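Got some structures for you, see below.
Okay, so chain A shows up in both of these, paired with chain B first and chain C after.
Moving on to the complex of A and B:
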């Protein structure tokens, strides 16, 4: 399994001896084994040049940047190496045809909702009062199947998300963390800060996995394709946010790994400081490499591989090979 | 899988070995490397090394399929650097 590295300190990243080296401000050289590298996440102030970009492109390494507040800035998405005109046509065809598009979009919303429900049921069995939340979400899930338009679907999705997020207060048992309402720009409380940070990471992890398939990240189905940016990764991320992101959030808070001290407040926004970000990533990374046994294929796969498999399923759907059904946690 | 690699090569080839090994593995001490590596990358590394070394040189690679029942102990200073978080 190729690795991901996270750069928090300031320094220079450069190509040297056909490998990578990171030179810190104290002039310490840290060598990075390039052949075992999949992606780089940059949080600190890093200098780099075109020579490095060229090299990363050749080695198919994606580099993503995050700003001071942990928000996603952008990625260097190396020249697509699995370029397939046929696949792009298929993707576009499924986007333009409303019936085809809404099928995929619905499945994504359904997958995300069912995975959220799985998590709520898990905590219900541990004695949290979540019956109301669960039945409300279930009611909304049934609505999904009757919808025929994307905007309506987005509304239902929003409603499910709202109920789901409100349940966080029941699940989290730490006095320093209280969820008021979802507010993204800026994050208004510590839980919002964690959700935003975790989502940013998941978006770029999914993007990196899309890079390894024939799919084009610019054409999404639930999130509309626009002039600016990638949207397919946002779609697929929906399914994995509860499974990977939210579970990590619950465990870092409930196990006291991240506390009030790991946050900073400036102006009217709350965000994780470097230490908090690092701790969160460590736990998230552990989860990504954790394996689960899939009944369908009878073997252990990591969460990261699950993301890749989800994309292959979508590819198969577009090629009219197998109808897409979202991953629903069965463990 | 996980490998431990060490080499004893002629002075002229030391720096070449260092550069090649750094591409794939993490440096631990002079002429000692370790790290996770895929099967195909290990084959690539071996072929790159094969092109550098001469008859009198020696390179030893320990390959572990899994790290169960293993323990890494360090006496004194651990020179291996953290590369995951920089």
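Moving on to the complex of A and C:
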């Protein structure tokens, strides 16, 4: 199993012969095993140089940076090692042709909505009042199939998300956590802060999985290319946000793992402090490494592998091998 | 264009050959590939290795009694037929009449001669492969025993 490491401390990350070391401000040296390393997430004030970047590139290790508030800053995406001009052309072909593009975009919205519904039904069975939310989302899911333009699809997606997020107040039972409305910049309450942080992490994790495929992260289908440097990771993340991110959010709050003390507030923005971030990541990592049995393969695969397999499904769709159907949680 | 690895793949799985012909390679961090790479790095380290000829890399080239011979190093003798045609293909490309498949783990050396029959079989095989990889659509996935160790497993069965 390939690993992710997270750096919160300030210090210097450097190459030493054929390995990595992190030197803290107190001059303590920590060795980082490189053979199993897949990506590095940097939250602290870390110094690094080109020699390190060259080494990471050779070892195919991606490095992503997050600012003080836990927002994504950018990544060093090493030189491609899975290069197929054929696949990139297919990817572009499916973007340019509106009919082909909207099929994929709709499936992504549908997948995200159906996974959200799975979660709502789970909590409904545990006595939460979610009937209205569920039927409202179902009505909107029906609309998806009749849509023919991306902006319309985005509207319906927005509506589904709004209803879904409003249900969080029914699911979360902790006095310190009240969801008002979704506000990204800046997050306006603790739940928004958790959602934003969780999404940032999932975008980067999906990006690292894209790197392990022949797909180009710059061509997305729901999220327009040109919108940001990378957009395919935003697309695929939609399917996994409820499954991986939101379930982690509910469990850290409802099990009192993260409390009011794990947040800070400055200039109207609410965000997780370092302790809160660490705790959240710990639970998220557990979820990523958790496995589920997959019938088609006949053995257990981790959630992280499921992300890569979702990308393979998209590749097969582009090759006209198998029509893409999003992963819907069955467990 | 046909390459040595496409020939090797084709005899085990046509789908894999089609994918390779479009530079769609399997997962490189697959443990089995890593083992293969290690064996080829550590065995016969004194010989000249990884000679690139148009369409692939030969593991070792040796000059013996004034004659050139090509050597392919393999992990096991399980897929010997595909290894044989891969080597024959390199021999044909390099115009060499003699080669060996070596399996260090099993201490085995298998001789391969470029006879008229072998050449005929190789050319037939290459025509078959051309037909498959020139198709627009990838051959459908079929579950085989081999899938469990294949670097495309998650791709085909996702």
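The rule is simple: the second predicted complex is superposed on the first by the 328 of 331 C-alpha atoms of A that agree within 3 Å, B and C clash if a C-alpha of one lies under 4 Å from a C-alpha of the other, contacts with A are read in each partner's own complex, and residues count from 1 in each chain.
In this text, contacts are C-beta pairs under 8 Å (C-beta built on N, C-alpha and C of every residue); 3 or more make two chains touch, one makes a residue touch a chain.
Because the structure is a prediction, the values reported are computed rather than measured.
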{"item": "Partners on chain A (chain B, chain C) - clash or fit", "value": "fit"}
{"item": "Which superposed partner A:32 touches (first chain B, second chain C, both, neither)", "value": "first"}
{"item": "Touched partner set for A:137, first chain B, second chain C, both or neither", "value": "neither"}
{"item": "Which superposed partner A:9 touches (first chain B, second chain C, both, neither)", "value": "first"}
{"item": "Chain B versus chain C as contact partner of A:249, first or second or both or neither", "value": "neither"}
{"item": "First, second, both or neither for A:22, with chain B first and chain C second", "value": "first"}
{"item": "Which superposed partner A:278 touches (first chain B, second chain C, both, neither)", "value": "first"}
{"item": "Which of chain B and chain C A:85 touches, first, second, both or neither", "value": "second"}
{"item": "Which superposed partner A:321 touches (first chain B, second chain C, both, neither)", "value": "second"}
{"item": "Three-chain overlay, closest Cα atoms of chain B and chain C, distance in Å", "value": "5"}
{"item": "Chain B and chain C footprints on chain A, overlapping residues", "value": "2"}
{"item": "Residues of chain B defined as touching chain A within the complex", "value": "19, 22-27, 35-38, 41, 44-45, 81, 83-86"}
{"item": "Of all residues in chain C, those that touch chain A in their complex", "value": "22-25, 27-29, 137-138, 140-141, 153-155, 157-158"}
{"item": "Chain A residues touching chain C - in the complex, by the definition given at the top", "value": "2, 81-87, 212, 214, 294, 296-297, 301, 305, 308-310, 312-313, 315-316, 319-321"}
{"item": "Chain B partner contacts - residues on chain A that touch it in the complex", "value": "1-9, 11, 17-19, 22, 24, 30-36, 278, 281-282"}
